[in-house]
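Multiple structures follow.
What follows is a pair of complexes built around chain A, which joins chain B in one and chain C in the other.
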Partner chain A sequence: MDVFLQQITNALVLGGAYVLVTLGLFLIFSVLDIPNFAHGEMYALGAYLQYLFVVQIGLPFFVALVLAMAGTAVVGVIMERAVFQRLRRVGLFPILISSLALAIILQQVISLIWGTNPVTVPQPVGGVLEIGSIRISAYRLIIVVLVLLTAGAVAWLVYRSGFGKRLRALAENRDLAQLAGVKVGLIGTLTFALGSALAGLAGGLLSAAAPMNPYMGFHPMLVAFVILVVVGSGGRLGAAVIGGFTVAVLETLTAGYISNALRTAVVFAALVVFLILRPEGAVRGVTAERARL
Partner chain B sequence: MYTTSRRTFALLSVAALSLTACGSDSDSGSDGGGGSDQVLRIAGLMPLTGAVADTYGASMIAGVEYVFDQVNDDGGVEINGEQYQIEFEVFDDQCAAEPSQAAAQKALDEDIEFFLGPICSGAASAVQPTMARSEAFFGLAPTAVAGPTELPNVFRTIPLTSAYTDATVRWLEDNPDISKVAMITDQNHTGLVGEEERLVEEVEGVDREVVAVQQYQTGDTDFRAPVTEAIAAGPDLYMQRAYPAEAAQLLQQTRELGGEMAVMWNAGVTNEEVRSLVPDEAMMENVYQAAPLFSLDAFLADGSELAQEVADGVGDKAGAFTAAGHDLATVVVAGLSNAEEATPDALIEAMTNLEASDLEGKTLNTYNPQDDGLVFKDREVDVLAAVVEWEQGTGWVMSE
Partner chain C sequence: MSPSQLAQRTRGPKVRHEGNSKSAPPSPWAGRWRRGSPLWFRVPLAIAIPVVALLVAPELKNSSLHLYTEIGIWAAVAVSLHLVLGFAGQLSLASGAFLTLGAYIGARATGFWHWPGLLTVAVTAVAALVLALAISVVIFRARGLHFALLTAGISLVAFGVIVNWQSVTGGSGGMSTGGPLSEGGAPGPLTLGPIEIDSAEQYFVAQAVLLSALLLGISILMRRKTGESWKAIREDDVLAASVGVNVPREKQIAFVLSSVLIALIGVFHAHWVGFVSPESYSFAKASFEPVAMIMIGGIGTIFGPVIGAAVVVGLPEMLRDADEASVLIYGILLLLVVMVAPRGFLGLVKSGLALLLSLGSRRRAPADDEGAGPPPEPSESGPSQLAGKTS
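Now for the complex of A and B:
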């Protein structure tokens, strides 16, 4: 029982990382219909900016975190304005290819600037908490709490604020939103900036949890897409959070009780089975074409 | 029309930028040797880009170039009375299968007949068919994968992965307090995976209980689930057979989850890597490494003058594979010096007949003579892997 509880705690830690990466991707995909495969690299960029500000410049960790988020937001705005906004009317395929190309470019730029040696950022909080027989690193616990707070803040922004109202209008029907006076270009750019900043937050926070390298974004991005697919059409932000933790629990219990070598395979096998049984996704919505906020 | 052109331009720009970013340069071959000396071109199949370019590629290249620069500064290598300047050119193999095959073929297309590398196991296995088709000479290190040296033109200057096992078993015999062993292995490390079954047999053969055999994939960052499983099995030793970044992370998560057992790595992690990857040196208490000595660290801690000379020569390029690179280049130069002519066949014959005494004092690792006093037997060497132990404040030192 103790081992099982520890594995569930481990899943909570892993799920926190997945949810952080998924939040930004979810926003960008839901509102702008952009399957941004460069999102994993934005996450990596956030981690390296954190490394730049904390290790190379010497700023306090949480000041650096804000700057890392701002940095990735700026890069996101440039990407959206220079590439995605221009390709929006061309179709999905050019956007897909462009996002893959941008992912490679970002990887190479990170490699050129910081090299490929794994590097780390010191944790701002050390120590391990023991709750009964359960152990969790204090910093990982902070990440989980911050994930939940961030998800709550984003949910408020999307579902309770004026900006969120326009954002949801855009997600629902771009042309109608434009006719209703929503500045779709501006809202789109701000959404991309927010999504990218969330990737930066994820990278900045997790930079202190594991050695980073320019290719670190691939796996979390893949998992984030799995969660998006599972959430499906009509999925709300809360479903993405639950999805992130569910994938982490599945992965961790597979690793702990079946085989660590099968952890990813089982997640994808479950995804295929899930899609066969419920192709419209976990949340039935008004359309099967795309996720809705 | 204008819109279409702009979109096309954007697409082409992204594609062009991508291709530019992906591309890697190799210096073009030239007869850049000094004076009237002839030039002997040697290709290095090593990573200039990719995940291990800085960790493995740069440090290996530094060791090799240190030796070749010394040779060239001394007038070049003398082959049958003629002086040759060595021109060493690295072809980026990214330590990955397909790029390695392409890099090897590119060098062969440029009529290069002497190769050092690949240095990674997966890449070496991938290039093996090319080696078999070619008549070129290949010198391998530090890849420990079995297979390539079955070919008559492939020599290896570090021991097979079986040496890791042998060193571990010798260490276990000296440490009777270790009774239960767990292990986790990187499934992408061809050499370690190939040795896993024998390792389990050998560990059980010295009356130790193997309580967990686990695997992971390169690039994994969360090991808490297998580590929790391993800790629950109560091992006295947890063998974390991983590349440096993953080894450091496995250790960190093991300690965080309360695992205080001895930990043994096989990655050849350097002092510098430990200090940059492990957040708290206290975690390194009771950590060992069983591996051939690829880096300069243990030699320097042991007071080796040659290691100090190499360290001074390569400066901050020293790293994980500098000693392996130094020794590979030194052995090949010794072979070239004994060759009848500057051809692969002549070098193969010279390497086959190279005596261990020819290398005394020239290499960092000790090349024990085979039964007939030669360095190579079936193109493999007799070099012992060693177990080193982390000493707080110092780094890796030879384990008692």
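Now for the complex of A and C:
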């Protein structure tokens, strides 16, 4: 039982990364209809920017975290303006391929700059907490708390603020939003920047918890897409948070009790079974193909 | 979908018919170019390609033979996948799963069980058929991005199986068509009845036969009712259903046919390489690259996937001197191709031709203007937006 609880606790940190990456992808996909396969690379980029600012330049950890978020947001804006906005009218396939091409480019740029050997960032906070029989390092606890705070802030931004109102209008119906005076281009770009920054934050936080490599973004990106599809078109942001933690627990338990190599296969097997039982996703929406906020 | 788009879609096939029956004097080539070349031209062409391959094979260097065979095999995969992706309009990332299935059955059968090649082919076909049928029963309940992820999931599960099921697949080490590595066997030949394919030249010729037969078969199929139904589904499945196309059944047929073909190509690929390992059938290599080939070559066309395969397989080979930056250059080129020609290389050629024709003729069908007009709304070639169907 103790081992089981410890596994769950370890899963929380991984789940935190999944939650942030998924939230970003959720925003980008529902508002802009872009299945951004380069989203995982934003996560990797966030981690490497954190490495750059903390280890190579020597800034304090949490200052670097803000800079890493800003950096990924800027890259996100460039991608959206230079590629996705131009392809918006053309269709889904070109957007898909171009996002995969962007993923390849970002991966290669990262490995050209920082190399392919795994590197880590030192943890800013030391110490281990013991709660009953469970041990968790103080930094990991900080990650989980920060993730939950960020998710709360994003929820407030999307559901309570003026920006969120425009964003949801855009997600609901682009043409009508434009008619109502929403600056769709600007809101779209800002959403993309926000989504990318969330992935960058995830990367920056996890950079001190696990070694990083240029290809680390692929798996969280796939997980985020799985959650997006499983949550379904009617889901709200909260469902992404629950989904992120659930997948992480599922993966950690598989790795702990069955086989480490099977963790991805188990997640996808679960996805296939789930979609067979309920193809429209957990929360039914207006249409089966499109997530809405 | 806006009313004008709907009108445009409904008009599409009708205009195509007009183009066929009475190609108006000012643009005599418009109808011919749309319909493709006649059968008396295509059959000899399909025979001529392998004959040319047979004649040039002794002249080629080993490295070129290798490159052309690889291009040909991946072109065959892309052409088969294109049945689902380009004609039935469903973004399938399941090609990796079936390629893996065929390759591993092939390697196991030749190397360990010493089956005759024809038995291997038959068993692979039946296995792929059963698996594809089982999958297709449920898979088409999902559409758009859901379908893409579901098929990606199937490929990733297949990858997980070959890495983990070590006793049968050799795990991440892979296995040879020559049997266990301890016996040090050389790769086994592919024997199909009296034919035995062993040398690089023979594989090169066999690949040419395979590819041209596949292209001929598909080009004939596309003119029959099945092909027309698939195109109708691609354009608008609700509309297709309303004119009597059995949409779920046609999608199933396209998926099963494409899956069986890909599995058979997997058998061929495994024998050609002589060795199977998870690395060769990773998600990026076996599931995503065929999709990229189709996109680059031009979706909705017969020859597009072949051109795309030449680009995707040939580019890294050409960029080998660039060493570290080669993958980066490949990524940038891929992005540029999609930006410049979102409907692929042949899509670019087609709109160019349409533009030339529109300059050359005064009498123009209204649909042609739409096809060549500035908003690149894919009405004839190129499947319509998958996600766009919802609004």
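The rule is short, and it goes like this: the second predicted complex is superposed on the first by the 292 of 293 C-alpha atoms of A that agree within 3 Å, B and C clash if a C-alpha of one lies under 4 Å from a C-alpha of the other, contacts with A are read in each partner's own complex, and residues count from 1 in each chain.
Following the convention adopted for this analysis, contacts are C-beta pairs under 8 Å (C-beta built on N, C-alpha and C of every residue); 3 or more make two chains touch, one makes a residue touch a chain.
Source: prediction; values computed, not measured.
When the two complexes are overlaid on their common chain A, residue A:Gln7 makes contact with chain B while staying clear of chain C.
Once the two complexes are laid over each other on the shared chain, residue contacts for A:Ile105 go to chain B and to chain C alike. Of the two partner chains placed by superposition, only chain B is touched by A:Asn213; chain C is not. Looking at the shared chain after the overlay, A:Ala261 reaches both chain B and chain C.
Contacts of A:Arg135 after superposition: chain B is touched, whereas chain C is not reached. Once the two complexes are overlaid on the shared chain, A:Gly185 sits clear of chain B and of chain C alike. Using the contact criterion defined above for the overlaid structures, shared-chain residue A:Asn173 touches chain C, although it does not reach chain B. Look at A:Phe225: by the touch rule set out above, it reaches chain C but stays clear of chain B.
In the superposition on chain A, A:Leu275 makes contact with chain C only, while chain B stays out of contact range. In the superposition on chain A, the residues of chain A contacted by chain B and by chain C overlap at 83, 86-87, 90, 94, 97-98, 101-102, 104-105, 108-109, 259, 261, 264.
Here chain C touches chain A in the complex through residues 91, 138, 141-146, 148-150, 152-154, 156-157, 159-161, 163-164, 288, 291-292, 295-296, 299, 324-325, 327-328, 330-332, 334-335, 338-339, 342-343, 375-378, 382-391, going by the rule given at the top.
Chain A meets chain B in the complex at residues 3, 6-7, 10, 13-14, 17, 82-83, 86-87, 90, 94, 97-98, 101-102, 104-105, 107-109, 111, 115-120, 122-123, 126, 128, 135, 137, 210-211, 213-216, 218-219, 251-257, 259-261, 263-264.
Across the interface of their complex, chain A is touched by residues 6-7, 10-11, 14-15, 17-18, 21-22, 49-55, 184, 187, 214-217, 219-226, 228-229, 232, 244-245, 248-249, 256-258, 276-277, 279-280 of chain B. Taken together, the chain A residues at the contact with chain C in this complex read 33, 35, 83, 86-87, 89-94, 96-98, 100-102, 104-105, 108-109, 112, 173, 222, 225-226, 228-229, 259, 261-262, 264-266, 268-269, 271-272, 275-276, 279, 281, 287-290.
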